[in-house]
Amino acid sequence: MRLRLDGIFLPLVTPFLDDGALDLVSFEANLDSYAGEDLAGCLVLGSTGEAASLEGEEKLTLVRAARRRAGDRILLVGTGLESTGATISLTRRVADLGADAALVLTPHYYKSQMTLDVLRRHFEAVADASPIPVLLYSVPQFTGLPFPTALAASLAGHPKVVGMKESGGDVALLGRIAAAAPPPFAVLCGSAPVLYPALCVGAAGGVLAVACCAPRLVAALYRAFEKGDHPGARRLQGILTPLATAVSIHGIAGLKAAMDLGARRGGSVRAPLLPVAAALREELRPLLERAEAAV
Amino acid sequence: MRLRLDGIFLPLVTPFLDDGALDLVSFEANLDSYAGEDLAGCLVLGSTGEAASLEGEEKLTLVRAARRRAGDRILLVGTGLESTGATISLTRRVADLGADAALVLTPHYYKSQMTLDVLRRHFEAVADASPIPVLLYSVPQFTGLPFPTALAASLAGHPKVVGMKESGGDVALLGRIAAAAPPPFAVLCGSAPVLYPALCVGAAGGVLAVACCAPRLVAALYRAFEKGDHPGARRLQGILTPLATAVSIHGIAGLKAAMDLGARRGGSVRAPLLPVAAALREELRPLLERAEAAV
Amino acid sequence: MRLRLDGIFLPLVTPFLDDGALDLVSFEANLDSYAGEDLAGCLVLGSTGEAASLEGEEKLTLVRAARRRAGDRILLVGTGLESTGATISLTRRVADLGADAALVLTPHYYKSQMTLDVLRRHFEAVADASPIPVLLYSVPQFTGLPFPTALAASLAGHPKVVGMKESGGDVALLGRIAAAAPPPFAVLCGSAPVLYPALCVGAAGGVLAVACCAPRLVAALYRAFEKGDHPGARRLQGILTPLATAVSIHGIAGLKAAMDLGARRGGSVRAPLLPVAAALREELRPLLERAEAAV
Amino acid sequence: MRLRLDGIFLPLVTPFLDDGALDLVSFEANLDSYAGEDLAGCLVLGSTGEAASLEGEEKLTLVRAARRRAGDRILLVGTGLESTGATISLTRRVADLGADAALVLTPHYYKSQMTLDVLRRHFEAVADASPIPVLLYSVPQFTGLPFPTALAASLAGHPKVVGMKESGGDVALLGRIAAAAPPPFAVLCGSAPVLYPALCVGAAGGVLAVACCAPRLVAALYRAFEKGDHPGARRLQGILTPLATAVSIHGIAGLKAAMDLGARRGGSVRAPLLPVAAALREELRPLLERAEAAV
């Protein structure tokens, strides 16, 4: 049965203690806190999960915990590494632990060498070897590499490649890929300020950091769109955008601070990331309150 | 009475003869050919009009001709130059010739000096001195400068600043500006592949090069959106995007070739721009036919 | 007889009165003030001369004045415009007025269309039509376009193309061009913080804004290098770099302020450029004094 | 006793077998092949060593082997990772294994969060905890982040921070850092096409990929400069630049191909990197022969 990737996914944060150690209790508490929300699933080991700063064993621990707590929701796991072989190994490990699909980041360290051909071979090799479906992951603000439309269109023909997360906020690109790779290929929006227009041009849903602190607002926007309520979706986007913008200015530390302001446990970030200053944290409060009042 | 800037505007091309001379006859013939189309107005001396390659007298000749032929449609004229004083002079001249509003490009040669403060003062000085309403013009692919949201929001409070053309295809920026500067401030979309999502987040209309060769398709998309027909608008966007993309790969020469393939007169481009090769020109034909068949 | 382009050239500023009018008296006074300095010549209508903000008649006035005052020094004139035809016209006009060579900027507004072929044809057409020798002008910080090594190498074979000004501070590019286009083709360094290393890899000299306020320091560095005194050249570079950096942070306004602090007349900048704040102006003083003390 | 970092360092490649496994025999054979060359030392786990694609245990294996074979030459080891904690752990491990100094890459995944303050704290924490001296590593073509001059200047005051590798080819930056952080702080040039001008403005030496296939040419250039033979250094730079450019177009695969063409063992690259096509490989041969003939 084909995996359905419609709706809103949470890219889970990884809470740390003040000394930098993994805070698994808070990670699990967060998962429990989302149990009643209208969400399609969650993503572990994404950019928001500080995957770049996690050790191998920590990654597996988080996947196990997420699988235990996620119930029958979809569990996406970020497995993209610089080496094709290492990406395949990690993908197989998390498949064994119950991941439903792997989100595979573009390799990007050797930027000038990442030609269309190199990237295509990489994603094909991973998809060929993966026991579970694969999603492509475009996040040029972190990789420094734009994701070519032609690459997505070509890979969409691979039986294991079921979708893509587009996190650059490029609605034209997202629309082109959605047109070139029709459903069931699922393009997921990874940039909250364009969630509504992304849905308009064919996104199947979203994987949005801000949903970790305001899941109801994001879910409500998705449902408004789904039932054809465009004015409602646009109104909610108008509330979501300033919150998402304010949170993302401070990166993951901003999101964690916003979670701490609510009933959730953002916890510390891992160095070199810095926590958000107390004054800036307070600026998030009215935006969160407005988000809660909106739904 | 406030100028209404809803709907689709044509950024007119400037046809040239093979020797580079202005082809005013073709310019006027094109204007006449649009007379029966469902359009709000046109723009002379925009980027699509090769304004950067026009002499001062040529510019005035084109404005006079456009005013004569435009009837009661709105006539926008591009007047932005590097110097504030020169921009004001040109704005006053075209106002005398009957322009309804001036579209003012960001000065951009001395990029590192174009701070928020410098740009704000520039646009305020132009608006203060202008006898006609002013629209801001963001086109980072040509200027190399992003247009700061805060600048648009601040200038929207000026009584003479009635709107903005956003041509970078940045739907998040367009949405932020539309939210920060509500109607009657008009944000016009200048990037065809995002016309429909731009309208969804608050664009009042569009100023789209591709409309010079496919005015009916663009107008139909706008009308579909206006009456709430989202599936129809999205369908037409799906036809518009590949045409707009194919045309824009070759820049203005591509647009002129597409006009020549239809009943209009694109004419030559001015050097150093090069004409489109015959083989590439033929690739545009099926896309144009599909556009015509769609409406 | 072939034009010799060795040594230091001044890219003259254009002084304006407070109301923005051309201050020809100050322009001429500056020229006279450089009469006794060890310089090869000067450049009028360059980026430092605010050419982008000058009207056509103003440009000719400045060229006439410079020719009168420049004596037998070499007079370079910036003639590059977006249109090939307009560039040729201006080049012919300034040749008539006595310019020794034309400095031709890369056309750059329609960035994505400026292919190697387009640029080559542009420069060739200008060189073919020019009555005087032509220099290529690479200034990516303003044009947003890198200058391809292959383009310079190819154009260096044209009998009218005698050199290039490289203002991006890219010593590897400058060295590659100097290697690909040996003397008498002259590569002139346009970035003061790399003057000494540029000379080391084959630059024939420099066209440096900072030389307008510190001509002796720049000339001394050039002479030290020329006579093989590397430790001396490096020492002077160590004094030049912080001055050039401090001046250039504020763009042309910074250079004009530095000239006003000395015996010269920078005058006002033309809007939208802003004058340098008084406090920042004072920061330039000790750097200027150090430059004077060094030679 | 302070570590002396003058001269040429080899950033060793990591040879792989065709199946992607580590080829330790070839790694050691290469080290032996450099024993008689005029080199200051080598770098293991750098960008050229494909560190981004190596597993933890593989890294330690390579350090042990390099230490065994390096004799009394200086052994630099790349230890920079995204997390401060992980960087410290790896630095301590390689110190235990005999590394003489650690080369610490800028963390860069969360680009917008990498403020001056964040980077300063990261490098200070690593230097504080490191048992061995630390070198900063600027390589913007891979990290997507420029290295701020002010950061280098500030960190140069830390007793453990003994130098910097600047691999962006920015001679102005390198000169500014060399001026701001005088010897014994050592700025090492990481971009072969600017080795000679970098030495002119104060580089203490170089860490250059091309030296792995042409160690004598690079060493000869350094020695020519060191004894004040500027014409000789410039001549050798003219031979080095085309070789380095041709090799680097193909990235690490190009370097490995060039080594295979000589007496050394480049071996395979690890996927997703691709080997160099046979035809391109042949283009390197005459450049290598010219390099050998030059010294």
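Each chain gets a letter, A, B, C and D, in the order it is written, and its residues are counted from 1.
Here is the rule we go by: contacts are C-beta pairs under 8 Å (C-beta built on N, C-alpha and C of every residue); 3 or more make two chains touch, one makes a residue touch a chain.
The model shown is predicted, which means the values in this text are computed figures rather than measured ones.
Of all chains, the one whose Cα centroid sits at the greatest distance from that of chain A is C.
By the residue-number overlap criterion, the interface of chain A with chain B counts as same, with over half of its numbers used by both chains. Mean C-alpha position of chain B lies 50 Å from that of chain D. Chain centres here are Cα means. That of chain A falls 35 Å from that of chain D. Multi-chain contact residues of chain B (touching two or more other chains) are absent. Viewed as a network of touching protein chains, the structure reduces to one closed ring of chains, two contacts apiece. Chain pairs that touch one another: A-B, A-D, B-C, C-D.
Listed in rising order, the residues of chain B touching chain C in the complex are 20, 47, 52-53, 55-56, 82-86, 107, 109-114, 117-119, 121-122, 125, 141-142, 144, 250-253, 270-274. Residues 169-172, 175-176, 179, 191, 193-194, 196-198, 200-202, 228, 230, 234, 237-238, 241, 245 of chain B touch chain A in their complex.
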